[in-house]
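Got a structure for you, written out below as structure tokens; questions coming shortly.
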């Protein structure tokens, strides 16, 4: 219940349009309604022209189209993650202006022009070519959220010189997303070079004792470099989203 | 090798003060020296009047005092984490102006006045009273790094109303650190209420199937709220440090 | 051996119809027979017109039909869980009055009218749309066991207001089944709102460090809300069955 | 904000005692206040003469006494779990009417006569003598919550006849709490004998591959007996509390 | 090198048929030859008319046929485990007298009549219908090794009476193999009823927290019944083989 | 209820000493009594002059003495495992004829002469000196159960020749217990040398990735030698007991 | 920046061809360039006529061909690991002189004659036939790196005599690679026979509690034989590569 | 049985000094004796003036002294690892010429001058000061085995420049031992800089999700740098020993 509605209610009461009992009844339901309203508002303020996000995995094309059509009238942009290529084709038939990002396996639909609401540059670094899909999911998410994004791919710790040659880009970035599988050492190394917030994304790339990303995850959680925080295995979206929140920090 | 020294070298060469061979020899060693210098400088720029950080666990009092004395002349502030009370007493005998934060098990020594270089407010939230030591480590770290810190303690998900009553503080914060043991659900709930960067800290609080913090860690990594990133179990320092980097994000 | 048969034996002995040795021989076998009888009776009392339950996974259609036909004459209702759609079609050809619950992947066949033997209302809550199959298995089981069932779906902790808006349904329920994957935080939140028995069902929904439901399972076992008990990952049936036993508690 | 206060506010508004703006301001804060009130009320309804529960582990005696003294005036009963004997002695000096349950490591303080609000009988079964402390924690909790409790101890599956000899007690119970370490098989066996809600409590009793209770926990989660739900390792309190909620199920 | 060959060598030396150097050379190679011979002999004594065992999984039909043909002239019986039905058909085309045991997924080829060299009765018990393939692998192995085998299937702990009704068979057996998935409680229960060597076989039957047989494995390792030993998950062959060794114990 | 008591009851009935109703009442309680009797008898037959076994860990000396005194009149032998030296001293004060086996941490009290009821020889092999306590627990148990026991200690796989030099003892044994920590490879090697039942006991000896015996346990479960079965980590008693059951196999 | 380029720069400066500022600018970028150059050089010295290594798994044929064509002009040899047979066929169409090693699933393309730069003999030992693919990957890698390689396959610890019969080959080798699945005991046994560096490779061969190679991995890490080091599960390439580095140790 | 003894035997036979039967009897025992001799010889050739190694942990001082005294006459050097300071003091009283290495927790006793039998330089690198004890164990072992050892301590990946400044030492070494806890990333980084055999030693240093060294272990096993092999957690001795074997590789 926003202030406007509350004022209406009280004025109605004062003007005798609604009885005390009726006002009481409506106010008794306030807490839950209000929270709902508050949350929706709060979300809405976030979402002006922006993020309606759909996790595509396991959803039928028909479900996805239904959600998109419901939102379509509301002038909101849409990001669908984990969307297979064949499903994306179906969606594109209906929404030809949407864009499918193949490597990121993500689709964006942006009827509203995205205003650049992030105020810094997000750099996405990844260790090996197999980590690129996760890195791209992070990059596409960050762009969709209104940020400028740079990419440095295929710079694992076994070839430090490649990473070091990008020193300027490291220095420019506001936040750095580091994506790595196997032993997950790259965030520590990057964290030793710069004093920026680093979001580390372990990937399930590897075999044997990589245990589907556990080795990388543990490596990152135990990073000896301060300033590294971690998201779930393969969670490129989460990293891109968190980085976007950071670039929007008010006094930051 | 900073620019000044490089210029000196080249000018000395041009002026004949040093021979071509000598110049060659000195330049051949440049890369490694230079990196060292670069890194130190880079660290130094960070450290003006600020963080020399010592992990106190497992260190002898004599080691700690030796490090502190070496730094003391350099006008730098010092933070020692994981310092037991009895060791702290020894340190305080030698550095009586230092302050021991008992609940955080941390000691700060700040001969330089800390300039407020963080530009937002960091909020530290924790779920239960047993999580307070980790929360305090995060809070003391963030303050030491020059940030303003608010605390909301003992607001677990089993008593949502306590958390909701602090809605204004949630809205004010630039970054929120959420500390929780057991099932680690609190960061998801906070993340559902606000659109801020949230750093989740699992604690080893609990018993049985909490497995020393694994349950909380997994809960946080799988958070259904976007924008949550995670640090190691009980790593209050890491959270405080990462939050400080976020409040300093340039364009952020 | 029930009392009737025992009395017959003793009277036969007294009347000389059976010899002492013969009586002795028959009584020596009593313990095992008796337990068998006791258990069967006990089961039977449970099953009057009710639950013959078949775990469908891995069973051939021919096996299932054989079991159903054997039971069919006995006026018992049948529930088959984890039955794929194509197998269900085969069963429906032979038992056209049976009902296949597609989302629950369960089939019910109820020649006996189910008397409402549960005496309260069971509420099934789930966190995300992907959790619905498990939630439906719980709901269909509870209904099959003679309970009234309400459903509140898609109310994860990241959107608390949706959950709070159902406050009346939470208040009405006798038992609440809460189904959630990922971090499994929902049961704790529900448990913080009401003082009802809560049966938490972790699901294998998620990826990466959700480890096929382990994260949710651990989260639920470590719930900070009292009154939460847990069943196996994806075990919707077990939750529905346990909830049914609770609504039938005599003095409860 | 309860109805009385809401009515006062509206009447004050109608009577001109408070201005529209002031009313608006106070109502804007309603949602959070209200939830707090609602929750407290809801808790209060639960707590008439009953459970204030304190987790004693890791708390100082002074903390415990402070909490107890704050509550003391409010006519509420108090249960302290995981309280070591030496701490208990300190508490008893100050509250001599309190009772320390040594085997359960729990202390109860019940200035209010506990009304029997549970409406059935709770049976606590345990497998071995080493499981007794956890079983007693469950039993003491259930009694404190106003239930009648029976105990059958030391009836492991390796001596089935001991369990079977208690068949009448099994039949009488409304809810059965089964406590077992090692392989945790007892709940399955009990669940095969009766159709009651069974709350299984794994204990950390055992060595080697019992892994501090994991073996028992997994055994219980995979129970082949329907109707078994599980709580955390060694969580006797949780089992006793959940069982108490079950015996209070309204229509149950 | 058996005694005969050694004697020949020494006699040849004494008779001058072989020179000292030649004898020396041949004796220098003795240790390794001898061990080889010893082992082969030792194996051979075991194998008179019996077990050549082939692990079929992952082997091509051509490999299997090659091994069988090489052995065929040597009058030995052959057991192939983990052989899929389609591979078995290929083998049967070439060895039509072989027998394929479908449920056990094993093939036996016994040109030599198996003498009953086991001197007791091996009983194979399993908990659920899904455990039958593993139980059958154990049973077929034990029969192939020359033992008499009884089977009691589908007698889980949730229906104790079914197990108890087989009390005579339990009493007759020399060794009992107990096969169970899920919580793996059956061996403990059987071990509580009889004082026989029990070989427990965990199966990968189950879902969720059964973790592919880990729950059953841990349950069995932590059995509270003495006399229970355990083999690998799904290792029916290993159980059948070990049981066969037990029935052949000399003074046993 | 043994045959004698049953006959008395029926004769009393026939002679009119007890009424039909009274007989009925007493027989109704038979099943459970009978099982109890049966089990006790069955245990008793096992226990003639033999195993009352007490797990000493965690028991108070007073508890142990109470059990021993209760048994003392019944002419039974007693084995107490996991008994610390200081507790043993207390027990020996009261039962000076008892024997404390220091390395095995076990106490035996054998007022009845143990008849040699095992009919073979049990060989206990261990890999390193640190494994000796577990090996001794196995050996003392097997001796207490009436078996002849040989020991071969400190013969790890890294020094195969030491093991091979005991070839005769390997050949004589009926059952071989192999105790090993670290990688647990010894049972496989022994199993490759002889065709005897081998009971493998993993120990918690080791550090780092031995994970308290898990490495050894897994190694033994995956043994490539057939005929190896496994007990819990450090469970020397279980191995000794199971070996004793094997040497008593009737037709074995 | 190698010495030549540095000298040019300084001479140009002295000769006035480049200004002081320009020299300064170029030198400021030295560190990163230099490291890059150093690393590339260092790699190049390694690669004269040798290892360009491509991890084939997950790469498209087109990607692989692109890399090969780029390298082709540079006179370097190429090794592609984890290449499926059908992809290999595509590669062979374009590079018919390449060789596909079917069992190793590796392809080698060696336009430069490999000089024998390894100075010893590498022996590859494996336990079972299922371990051969991993063993072959190690062997092919070692050969590609310019080493002589011997193979001893199918010599598990359950048949020690087979291993012992190869005593001469064990004695000749410089480094021994031991490949084993299941319990992974073979490296310990080999390590007990010879004093050579042993590289142990666990394989994912096995089932049940082998957990995809974890049992073998732990067994090898806990090896009681000194001198054993371990690589990742199934990492035949890593073992072959490390062994090659060892045979090239200078003063070794 | 060496050639000399064999020749004596055969000549004695030819000369009639020993009978054919006696010769036969002695030769029958050859295989096992011979292996023992072979192994001892083989060890002896290794041990000329060198390594008798004793694992000190868990051994009594009296045991250690007994072993040392037995060896003392044989002119062999002795290394005792994992020896606490107080035990070392006892040993030094009896063997005052021995040396206790405090940080390594190792004692060396070298009556024979160690000839430099390793032919290269072993470099020991460690990440943090807490890793030094393990690094020192490796270094002391390598020195004891006759190698020259260099140390570079406290060069974690978070401060790459410190590592890079030691580039010459990296280039000189024959083998590099890299010791690291936490995320264990250092071996990958070192492996990216040089093409030497690298032995990685994970340490149990860290907290929370380092899980006592598992994170470091997994990181090292998944190293993206080829040529890295791994030993057990905290196994400095194993790394030092394996490195020593590598520097002794013949043709290497």
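The first chain written gets the first letter, and so on, giving A, B, C, D, E, F, G and H; residue counts start at 1 in each chain.
Heads up, the rule we're going with is that a contact is a pair of C-beta atoms (placed from the backbone, for glycine too) under 8 Å apart; a residue touches a chain by one contact, two chains touch by 3 or more.
Bear in mind that the values here come from a model prediction, so they are computed numbers and not experimental data.
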By the touch rule set out at the top, what is the minimum number of steps from subunit B to subunit G?
1
When you check each chain against subunit B and subunit C, which touch both of them?
A, D
Pair exhibiting more inter-chain C-beta contacts, B-D or F-G:
F-G
Using Cα averages as centroids, what's the distance between subunit G and subunit H in whole Å?
25
Can you work out the whole-Å distance between the CA centroids of subunit D and subunit H?
56
Cα centre of subunit E to Cα centre of subunit H, whole Å, reads 41
Where does subunit A touch two or more other chains at once, residue-wise?
31, 35, 38-39, 159-160, 192-193, 208-210, 214, 217, 221-222, 226, 232-233
Interchain contacts, given as pairs of chains that touch:
A-B, A-C, A-D, A-G, A-H, B-C, B-D, B-G, B-H, C-D, C-E, C-F, D-E, D-F, E-F, E-G, E-H, F-G, F-H, G-H
Can you tell me which positions in subunit B touch subunit G when the two form their complex?
3, 6-7, 10-11, 13-14, 20, 23-24, 27-28, 30-32, 34-35, 38
Contact set on subunit E toward subunit D in their complex:
127-128, 156-160, 182-185, 188-189, 191-193, 206, 208-211, 214-216, 218-226
Which stretch or stretches of subunit E touch subunit C in the complex?
129-130, 159-162, 164-165, 167, 207-210
Residue positions on subunit E within touch of subunit F in the complex are 35, 39, 42-43, 46, 53, 119-121, 174-175, 192-197, 199, 217, 221-222, 226-233, 237-239, 241-242, 245-252
In the complex formed with subunit F, which residues of subunit H make contact?
31-33, 35-36, 38-40, 57-59, 202, 204, 212-214, 217, 232-235
